[in-house]
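Look for chain A in each of the two complexes below; its partner is chain B in the first and chain C in the second.
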Partner chain A sequence: MSTDTLPAVDDLHLRARIDRSLRYPLLFFFTSAAAWLSLSSLLGFFSALTLNVPELVDRFPYLQYGRLHPVHLNALIYGWAMQAGFGVALWLMARLTRNVLRNPVTLVVAGHVWNLVVSVGLLSILFGWGTSMPWLDFHGGLWPVLLLSYISIVIWIVGMFASRSDKGAFISQLYILASIFWFPWIYITANGFIHQESGPAVMKAGINAWYISNMIYMVFAPIALAASYYIVPKVTGRPVFSYALANIGFWTLVIFTGWTGMNRYMGGPLPAWLPTVGSTASIFLFIPALAAFYNQVKTMEGKLAWANYSPALRFAFFGSIAFIVGVALNVIIATFPVGKTLQLTQAQGGVDLVGVYGFFTMTVFGAIYFIVPRVVGCEWPNGQMIRFHFWFSAYGVGAIAAFMIFAGLAQGYVIGNYTEEFTTAVERGKPYLAALAIGWFLIGLSNISFVAQLGLMAIRRGRRDEEGPTLIHKKPEDYFTNELVAEKAAQA
Partner chain B sequence: MNEELPNPDTTHLDYGERSSVAEIHAAVQREKREPLSAFQPVSMIAVVTGGLILVLGGTYLGAYNGGFDLRQTYAVANYEAAPRPVIPGFEIKQDNRPWIDRWMEDGKEVYATCAACHQPNGNGLVGQFPPLAGSEWVNQGTERLGAIMFPGIMGALSVKGQVYNGVMPAQGALLSDKQLAQVMTYIRRNWGNSGSIVTEEMVKYAREKYGSRVQPWSEAELLAIPADAMLPGAEVDPQTGLAPGAAPAGS
Partner chain C sequence: MNSLKPFLTLLALAFVLPWLGLIVYPNARLKSIVTEVAYAKEDDTKDAVFPTGRAFLSSGAKVYASNGCAYCHTQMIRPTYAGTDRWRSGWSGREEDGLARETLPFDYIGERYAYLGVQRNGPDLSNVGHRITDTKWHYDHLYSPRKVVPASIMPSFPNLFISRPVIGQVSELAVDVVEREGSRYEVVPSGEAKALVGYLLSMKKDQKVPKSIAAK
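Right, the complex of A and B next:
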């Protein structure tokens, strides 16, 4: 194994060329995604504030909670998460298929179209032309443009896969392809059903819930899993523990996710078996989550402590744990015993956020910490700021999820009690939502550090000394190259 | 460790790059080979865990599937809705009067349309609008009365021995079968009249037969319909509104 871990010289040149070919598209996607993320954190903070102190925006109807909150959420989804996903998927696919990107300009142009549509969509919500369907709030005429822009971006990733030299496929490639083919399907289906005039309104809400669930588990989760299935073996220099387990995890995710979602309206005026099938599939999602986690832990076995040093490994590992936690919380809220209290409250948003932020976003942070030094050719300026970013994000997302679930409990008991008025339920949630503002404030602080570092890297003002990689803590004796040298020496 | 590497490509340098250091950036140099997969078999404990998850999910599906019935919205079999709560100020008033009283009450509401000409007391206006109270057209067979509702009447018409020369507008397009049935019952059983009950089913028949007629009736044409002809339809029990002998709903 130790001889395998040192790359051949030709391979080194190829990698350097791949990375350089991807520099501008990746920097474009990552920086614009980070900008949307900052905006979204700010609006998350501000919208939690307006819910508690609505007098703040008395004179500005455009900034009231009902519009600000969807803007915050859609900026997080389409501005940050989708775009960061593009960057990570592009780089992983190029590296794994050994393809140099031949059309960086096309990608950057398509990326501009994407950002333009997202901006127009967010403005349409602010001006009151949104659809008020969660995660699909943009004005009803925008989705074909957004879809075209999506296709013109990911088509190059599919092209890379089609022209790969090695006919096998690493597990990360499967995950990326699954995500790429899933999004157009659910996006067309959801928009097609929701924006047509006819059809039962209850079913539209059900399809909306199905869309959200599929976005989390089949569009975002595969990208994050692809990244951690790449980062963990790469950083530790080990092969993925079990190919069979990885495949089981992949196919169970693909098979079960499409059934989830309707469980959000259990007990509602839908045929009872639809939500129940959704709950069952949500329970089954434990299988892919545990498979991925077990595989990663076994791959890292004995080198778990490296997560103290490598930013990529630490974020990816946090993400894997958050995936399990997210799936577990989703099972709790998706099944009758607790779900009947928590459904239709803030708790659902908290559970979704564990998937989108705790799992996807944290893993993608790790991937970005791994990728960007390679494409720009300098190191992250400051390890301490990465540590700051990690802890504030981790505590921030943990606090937000916890407070939203507690708010859900407080509201759920009121909603379930017919003698109480609905406004009482809103009132009960308020103190927790004040704490929500604190959570978004923490996340906003952490993202200031992230955006500042990413900005420095983008203008190529990173570290250029001989110290090696930027680590979270000072590196131990046996870390990275030193270990390889030691292994080599032991073999010789 | 790769300082001595050849540098095959010096033409694509970006700003800030020197060919000596940046051709293969340190991050690329130090990184390990692209990941591979090892082929550890899936352990027994993983298989058992997966199986347990499947059983758990299956149990849930079995317990809450509502029989996979598209019209069943209660997930739990034999679900019984909780008794309706009594909230002060929101009491739901149960109407326990006989069905015919409620039918007549609704008919009275519909009659507001007719009352402009025929007057609330059903006596009409002397010389202008014929009375309904005691009118032979109202009290005889329901087929004539039903026929009048659709295209209306134009020209001379003799009621209770007096000739009226006016226009009765068509009502069929404005009122539903149910409303027509209610108002016909109302005028047949009010102000001393004592005709039979008219049901929705009967009006439906009348609408099918006369609904497409545009030309208003003349007296001669109406007289061609037998005076005792009734609109076909099942009789109903005035107490329940159902067929006589049927169990009343909700008992």
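Right, the complex of A and C next:
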């Protein structure tokens, strides 16, 4: 995290070698993740459509909402989010620990296993072996394989950390370690408790809710935060504004997230204190969200306008705001006055999406725009397309979240008004569900531009002129830090 | 941070506490209460909570899960402090017998998983076994929902039905009769549909709470 002084030439060459060693694993994870993302947006559009025109799938029982929707969700979580997370975490860890990746082949093989299990899992839902347990819909026998392939991927990240030359630890490293420490734990816990024969059935539903919340805030969020805490200082050429604040954010996230989740079943058949604890703990997540945002803004102070130009900064900035909004919505929906209307409607899905898409996915897009040119050695073909990607994603996810919450209000209000027919709730919700389909269509469009550019980069058909990094708008005079320019030269 | 040990210890501690407090302990406690309930019949012979006669439970629940019913239907009635579910006609049980109430952990005894659900694109099903007692209604509704409830957005489930040649009289379970190549075929529920409807008919989460556990 140096300022405007130039790093040593040796160091620049080492960075270039690190980046090159990661080329194939990273491209593998990013391209397959992007492919799943496209599929997921398409299915998001289509499943929303079947809610409006159910007759569409009358003759195709395998495409009913009850199957398409979980396929869409699980493709988003395990196909896109987890894999994009692998790529970002690998690169950050390699760069921060100054490690050249020595086993790209093993990593790519493990990545193939992951993709295979995800494909089989999605097909299992489509063909009727789904479990109807949100985010854990794959056939019950698949989870040990998925877990093994997870471990065989992240083990290299842990290995890099263990063999780091600099014995200190950056905040980004701590976030990555926490994330890969927590995923196996919650995944084993959730599957272990849920798939056992005996055990109280309601507790299993509670654990399922806990799993979702922990996936968002303790598996995905840390990766996104790690990326922000690395990239924002890099691009602006400034050190992180306050390390103390970053540490506070980290520890509050780690301490409180584990208690959240069951607030989804406020008033449910669980012992009442479980949702209560969940609601209370959710409030504390404001601390990490605000800490990250404040740190980011202060790090960028005076250079805030750079978010107009740098894709990485712009996406990361949007992500940080979405984190705060997501936490706020999560807190609001778990209060009695609001929750009695909004819980058990479309709204909860909208709130989750703000976390998974608005925060994590957007930040990771930014990270990918930063990382990929470094590992392939050419620049993104077109800044306009990045701008298109940004606005369509931003409006898309904003529209989806808003429409799901409005749909929830419309449905919840009628359902709460207990003398009205239930079908009225269905009719009131319908226009918003149509809008939901449009939202996913926008996101699908934006991802076409993302996938196209990523594909060109993967076959190394990017820009190779003297212009420097591709920006969203034409670059201002004082834009680049010397460090990034030198880094670029060393790669050539 | 120069040594990793304190970091990992703190991290593990931060994770273990909620794991024990939110998952392991409540799970064990609920398990013990629920087991007690199952054997508390001496106290309240007539009122035992344990839902009896749910023979279709496991196979029906499996069909319920594999068709993703839980993505649009809930199986939980919230108490009055958290919504008006209790007052919606037919949702919370047999009002005329004073049995209507919110759902409790004991209502799910004998199930592999409680499909509490995520959202109500369709009505709550906790007590659909009381609300709709007609088997044929369910078959017709599953086969073509909008013929039964015009405003419904439920998909139809032709995959739960089979068509077979009509021999003698048309079966009384038939949901449709079609003419193909000169012979008549009837569309009748498959084993899966029967299991699912059995499961729906058994959905009665309003049994009286036995005195032995009412206090807990």
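Going forward, the second predicted complex is superposed on the first by the 464 of 492 C-alpha atoms of A that agree within 3 Å, B and C clash if a C-alpha of one lies under 4 Å from a C-alpha of the other, contacts with A are read in each partner's own complex, and residues count from 1 in each chain.
By our rule, a residue touches a chain if its C-beta (ideal position, glycine included) is under 8 Å from a C-beta of that chain, and two chains touch if they have at least 3 such contacts.
The model shown is predicted, which means the values in this text are computed figures rather than measured ones.
By the touch criterion defined above, A:189 reaches chain C but does not reach chain B. In the superposition on chain A, contact is made by A:266 with both chain B and chain C. In the superposition on chain A, A:336 makes contact with both chain B and chain C.
When the shared chain is aligned, chain C comes close enough to touch A:50, but chain B does not.
Shared-chain residue A:360: touches no atom of chain B or chain C. In the superposed model, A:220 lies in contact with neither chain B nor chain C.
In the superposition on chain A, A:277 makes contact with both chain B and chain C. By the touch criterion defined above, A:128 reaches chain C but does not reach chain B. In the superposed model, A:418 makes contact with both chain B and chain C. Put simply, chain A uses residues 266-271, 277, 336, 418 to touch chain B in one complex and chain C in the other.
Touching chain A in their complex are the following residues of chain B: 1-2, 5, 8-9, 12, 14-17, 21-42, 46, 49-50, 53-54, 56-58, 60-61, 64-75, 85, 87.
Contact residues of chain A toward chain C in the complex are 50-52, 54-55, 57-59, 61-62, 64-67, 69-70, 125, 128-134, 167-169, 174, 177-178, 181-182, 185, 189, 193-194, 197-207, 210, 251, 254-255, 258-259, 261-262, 265-271, 274, 277, 336, 339-341, 343-346, 348-349, 408, 411, 415-418, 422-423, 425-427, 429-430. Put simply, chain C touches chain A in their complex at residues 1-2, 4, 7, 10-11, 14-15, 17-19, 21-23, 26-27, 29-31, 34, 64-72, 74, 76, 78-79, 81-84, 87-89, 102-105, 107-109, 111-123, 145-146, 149, 151-159. On the side of chain A, the complex with chain B involves touching residues 4-7, 9, 11-13, 15-17, 19-20, 23, 95-96, 170-172, 229-230, 233-235, 237-246, 248, 266-273, 275-277, 279-281, 283-284, 286-287, 290-291, 294, 298, 335-336, 373-374, 377-379, 418-419, 460, 464, 466, 468-469, 480-481, 484-485.
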